[in-house]
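In the two assemblies presented below, chain A is common to both, partnered first by chain B and then by chain C.
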Partner chain A sequence: MTAVRCIRLALLLLLLPLPWLPHAVHAEDMVVIVNAGSHVHSLTRDQVIDIFMGRFRQLPTGATALPIDVADPAERQTFYQQLVHKSLAEIGSYWARLVFSGQATPPFRAPDSRAALRLVATNPDAIGYCYRSAVTGRVKVVLALDH
Partner chain B sequence: MLSIIDHLLRLVSRLAPRSVVARTTVAIFAFSLLLGFGFALASANLVHEHEYTRLENQLEQLVSTVESTTQIACYLNDQTLARQVATGLMKTDGVGGVRIMSGPALLYESMRPGMARPGKRLAEINRPITSPFDPARQVGSMTVYLSPAQLRAHAWTYTRFILFILAGEVAAVSGGVALTVFLVVTRPIKGISDELHRLRQRAGPSLRVPAGNESDEIGRLVADVNALIASLNELVEAERSLRIQHEVFERQMRLVLEKTEIGICIMDEQGVLQSWNPALLRLLARPSLEADAAWTLQQILAPHAVQVGEMISRCRTGAKPCQADLELWREGQAAVNWIELSLNPIGPQLLLGVVDDVTERRRSVAAAQQLAMSDPLTGLLNRRGLEAAIARAFGAGPKSGTLAMLAIDLDHFKEVNDTLGHEAGDKVLHHVGRVIAAAVRRSDLVGRLGGDEFLAVLIDVGPPEQALQIADDIIARLEIPLDLEGKTVRVGASIGIAIAAGIEDGPADLLRRADAAMYASKQAGRGRAQLAQDSPQPPEIRSA
Partner chain C sequence: MTLRTLPLALLLALGASIVRADALSDSRFTLGAFGTLGAVYQNARGLAYRRDISQGHGARAGEVDLGTDSIIGLQVTGRIASGFDAQVQETVHRDEDGLWRPELERAFLRYQPNPAVMVRAGRIGLGLYLLADAFDVGYAYLTIRPPVEIYGLLAADEFDGADASFSRQIGGGIGRIRVLGGKWPFEVAQPNGTAVQIDNDSIVGITADYLHGDWQTRAALVQIHIPGGNDPVAPALAATGFPQAVQLAGELNRSQLISYGAEIGTTYDGDPLQAALIYIHLNSDYLSGPKFNSAFALLGYHIKQLTPYASFSMTDNFGPTHTTGLPVVPVFEPLIAAAQEDQVSSQTTQRSFSLGVRYDFAPRVDFKAQVDRISLHQSELIFDYNVPPSGHTSLTVYGLAVDFAF
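Let's turn to the complex of A and B:
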């Protein structure tokens, strides 16, 4: 057995499980969160979908909601999968169709999950999402998603 | 329908040429075209319906294609997106209008001109639109209207296409059928017909079976026609040979008729001659007959016209043959000719006359009769001849005078026979015969009854004295001595005379009385004549 072949096998072993990584690592439930001081206590799934997919941007309180996305594709993928059972590609295609009509805009995208959490914690109309394990005291869970 | 076809066929046959091939082909084409046209017409409606369904399905699929975009448009109440969807759909044929509803509100509507009025709308495809993220949540609806005009145009295009295909198929099939019929049926039959037509001119033996038709109906037809021709030929041959036979027979018959010695003629019921042979003219001593003149048998046999006329009518009415012997006197010919004429009815109103010369037969019969009636020794009549002649004389009846019978018996003849022999006796008898014959008239009858007994019958003798005188004359002539080879022979005679008093006296009675008188004269001394007792007595009796 030559050294070249050893390296090739090692690379193969490293590469193989890669597509499974997000599922394997992030199979955790997502939760929809709002500012801890918000008057909104809970939201239905449809309400969350309408807000995130651009149909309505109003909260039950009457205030205009500010949905916040997470730039991390793994986390975003998990969220949309659990919310509307669609992949990121499908969600991208959805928004792409609306580019020219200008009727609806995609949610604001935070650079990482920590930034997203901070935005929700500081903005009373913001609405975001995170892993259940990442919930802090400054945010309030209004809908728990499960896969 | 049948009458229409019939009418069509008659029309076709009137227009088409007189060839079976052309007529069959034209008829098949016409029928196929008619049928194809009918089918196309019937299928047009079906095609329209089918096309409608097809279009509906197509639009249904189209609607499915744009459904996801419509979902988004309805979900987001996005008019721009809805317009894009509608515009895309309106580009499709058959779409008359599109209406997209977002919830209860109208999101976008697009209609072709003329589609606004509800009555003009043909049909619609109505589909509820759900949220792209939740199939259980309805967020709007989409209605697509089908355009009837476009649908019709579509259907017509489709129908036209089908018609085109159908027409092509009909043409191909009918062409194939026509070709098949032509090859399988019409051409062989036409070939047979042509050959049969030519066959009439040449006396050929038979038709050929068209190739490939050996075992079907056409082959059978040819075989039957051949059999028919063969039998016809045989018939013609038989007829010809019969005619030849008949001609030969006729020639022979004509030759026979020309050469025969029997006269033959054919006449109608009035005796008008239709035809005759040369022998007839020869027999009847006619040099020729003008053919254009109507000669009758009665005219030709002029002396017997009445008898011939009777024969003809008897033959006609009795419808059976009759015949008669006729005498003919030829100019400048002493002998009498006899012909036998026999008439036979042949066919309707026709008689066959046959004339034969029977002169020879008549003569030989007469000669035989003469031989039977005469005495060979004296040449006078014998007893039978005498009886016949007397019967004839009695039959004729005494005309003006009376009939006298002289029974003559020789005296002393037995002595001559005994002394001089039979030969001398015969000569004496011969002499006596001649003496008696010379003593009476030619018309009187003289015969020898046998032995030395002679009999003379005097016809129309007048008074009894005349008979007595003749008897005396005979006795006197016989008493003259006869010189017989140097020897003198004397014979005498005793004669009894009986005169017929009337018709009631028969010949036998007369002979008996004459015999009795003769015996009486022998008793009285021989050599004398004596009248019978009951004969009319003369005023005085003279002795010899």
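Let's turn to the complex of A and C:
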């Protein structure tokens, strides 16, 4: 094998998705949800970005938003890919800058999507996300994201 | 146990009860950790490459230096009440004396009555320059280290005082004003192993940010007051009686030394591009103070886990060096040299062109490789042990680093 082939192979291996990386982004659309009793009826993409990225966590009602992440990397990756077109590594790097400079704290992380739905369903100012097919009557969709 | 190590012990004790602080949970404490294991190698004999002017030792030619970029940090945040918490952050890195000792980097109370207002008091990050909010956290930025020509000239990344931030939605984005003020103690390490300690200066500043989509733009102004009147060369210059030397002594020995700076910059953090463009102007009203223009440009391109990048950073001194007017005779030569050194010690004219790649190979862990080609005329950042000094010179710095943040 020539040196050029070796370098090509090495580059190819580097670019292959690693097992921990949830590259296979779920094809289904994500939706942003709030409590079914919330007075918030819709949010813009910019407002959701501001809340989940720690820039400005205020709901249109004036209340402080309580964003909820999901621990499952694949679901989280799908959400952030559809919201801000970023990988989990980029999101982690972004939060490292804010957390270790004392500027903001990342969203609360629910252990799974059922727990996230439950938190949104029981907290009037909570805001979360899930696959469209997982929406229940106890939460309300305020933004649909395109994949 | 010394006062210096006490915060670390407290952090470790708190770490035993690692839990999460959030309005959605009953937990009171959050623990965070970050670190970098970095190796630096450079090829210029007689020079020592430093990451910033507080480092007492640098990477010397032919040696693999682990102290330039390596650091470990712990952070504990404790919730006190709704919207009210406290944060302590301790780092261990090579300090002014070349020793690895813990340093209290952050210790503040934070009050956020609503999303639009945040007030902090205590030891707080300076956070004046874009991208350098978390100066020591390698995982937070693309390059191995923030460009030394800009961030390396900051002797300390924290101050003791208070700041207040006010945010509001403007035109689809977020506008934010931050004001800060307090004491800014710092040390500047010298090539001879000593350090100049400044502990009674003060700093005030204001930043204005606009965040929209993948863009962040910042303008900042800062003013630093340092009590003067203790210049080591001035009394001897005044004693000569030569009018020009006496006048120079008066200028060097002013009672109030003021430096003021301005920054404007923008960053883009999108997909697949990441870019930054920053310009800084710093001036002083005293002869031995820093006077320079700095600029930084960065371009990175995400390809899955790999992000190759290129950057250029520079700082150009524009401060003149005044002569003493003393006759060049043996009796005055040491004084002439000392007056010259007094003025040029804070002068830096240096440029770096860097190429590198970041590889995010595991969750919250990255690997970076970087090559810097540096040319310099006079630099406060790089120790020059050559006799005579190198003057115009250049060096190549090779760096490898593994960063993590949890």
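One rule holds for everything that comes next: the second predicted complex is superposed on the first by the 122 of 147 C-alpha atoms of A that agree within 3 Å, B and C clash if a C-alpha of one lies under 4 Å from a C-alpha of the other, contacts with A are read in each partner's own complex, and residues count from 1 in each chain.
FYI, a residue touches a chain if its C-beta (ideal position, glycine included) is under 8 Å from a C-beta of that chain, and two chains touch if they have at least 3 such contacts.
As the structure is a prediction and not an experimental result, all values here were calculated from the model.
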### Task
Judging by the criteria at the top, classify the pair chain B and chain C on chain A as clash or fit.
clash
### Message
Contacts for A:Arg55 in the overlay, against chain B (first) and chain C (second): which applies, first, second, both or neither?
### Response
both
### Query
If you stack the two complexes on chain A, which partner ends up touching A:Gln103: first (chain B), second (chain C), both, or neither?
both
### Message
With both complexes overlaid on chain A, does A:Gly137 touch chain B (first), chain C (second), both or neither?
### Response
neither
#### Entry: Touched partner set for A:Ser87, first chain B, second chain C, both or neither
second
### Query
Looking at chain A, which partner touches more of its residues: chain C or chain B?
C
### Message
So in the superposed three-chain picture, is A:Asp46 touching just chain B, just chain C, both, or none of them (first/second/both/neither)?
### Response
both
### Task
Could you tell me which stretches of chain A are touched by chain B in one complex and by chain C in the other?
46, 49, 55, 84, 86, 94, 97-98, 100-103
### Task
Sort out for me which residues of chain B touch chain A in the complex.
69, 72, 75-81, 131-134, 137
### Query
Contact residues on chain A for chain B in the complex?
46, 49, 53-55, 83-84, 86, 94, 97-98, 100-104
## Note on the structure
Interface with chain A, chain C side, in the complex: residues 20-25, 30, 32, 34, 73, 75, 77, 87, 89, 106, 108, 110, 114-116, 118, 120, 124-125, 127, 131, 133-134, 136-137, 139-141, 167-169, 172-174, 211-214, 269-271, 302-306, 359-364, 366, 405
#### Entry: Sites on chain A touched by chain C in the complex
14-15, 17-18, 20-21, 23, 44, 46, 49-50, 55-58, 64-66, 68, 73, 84-90, 92-94, 96-103, 105, 108-109, 119, 123, 126
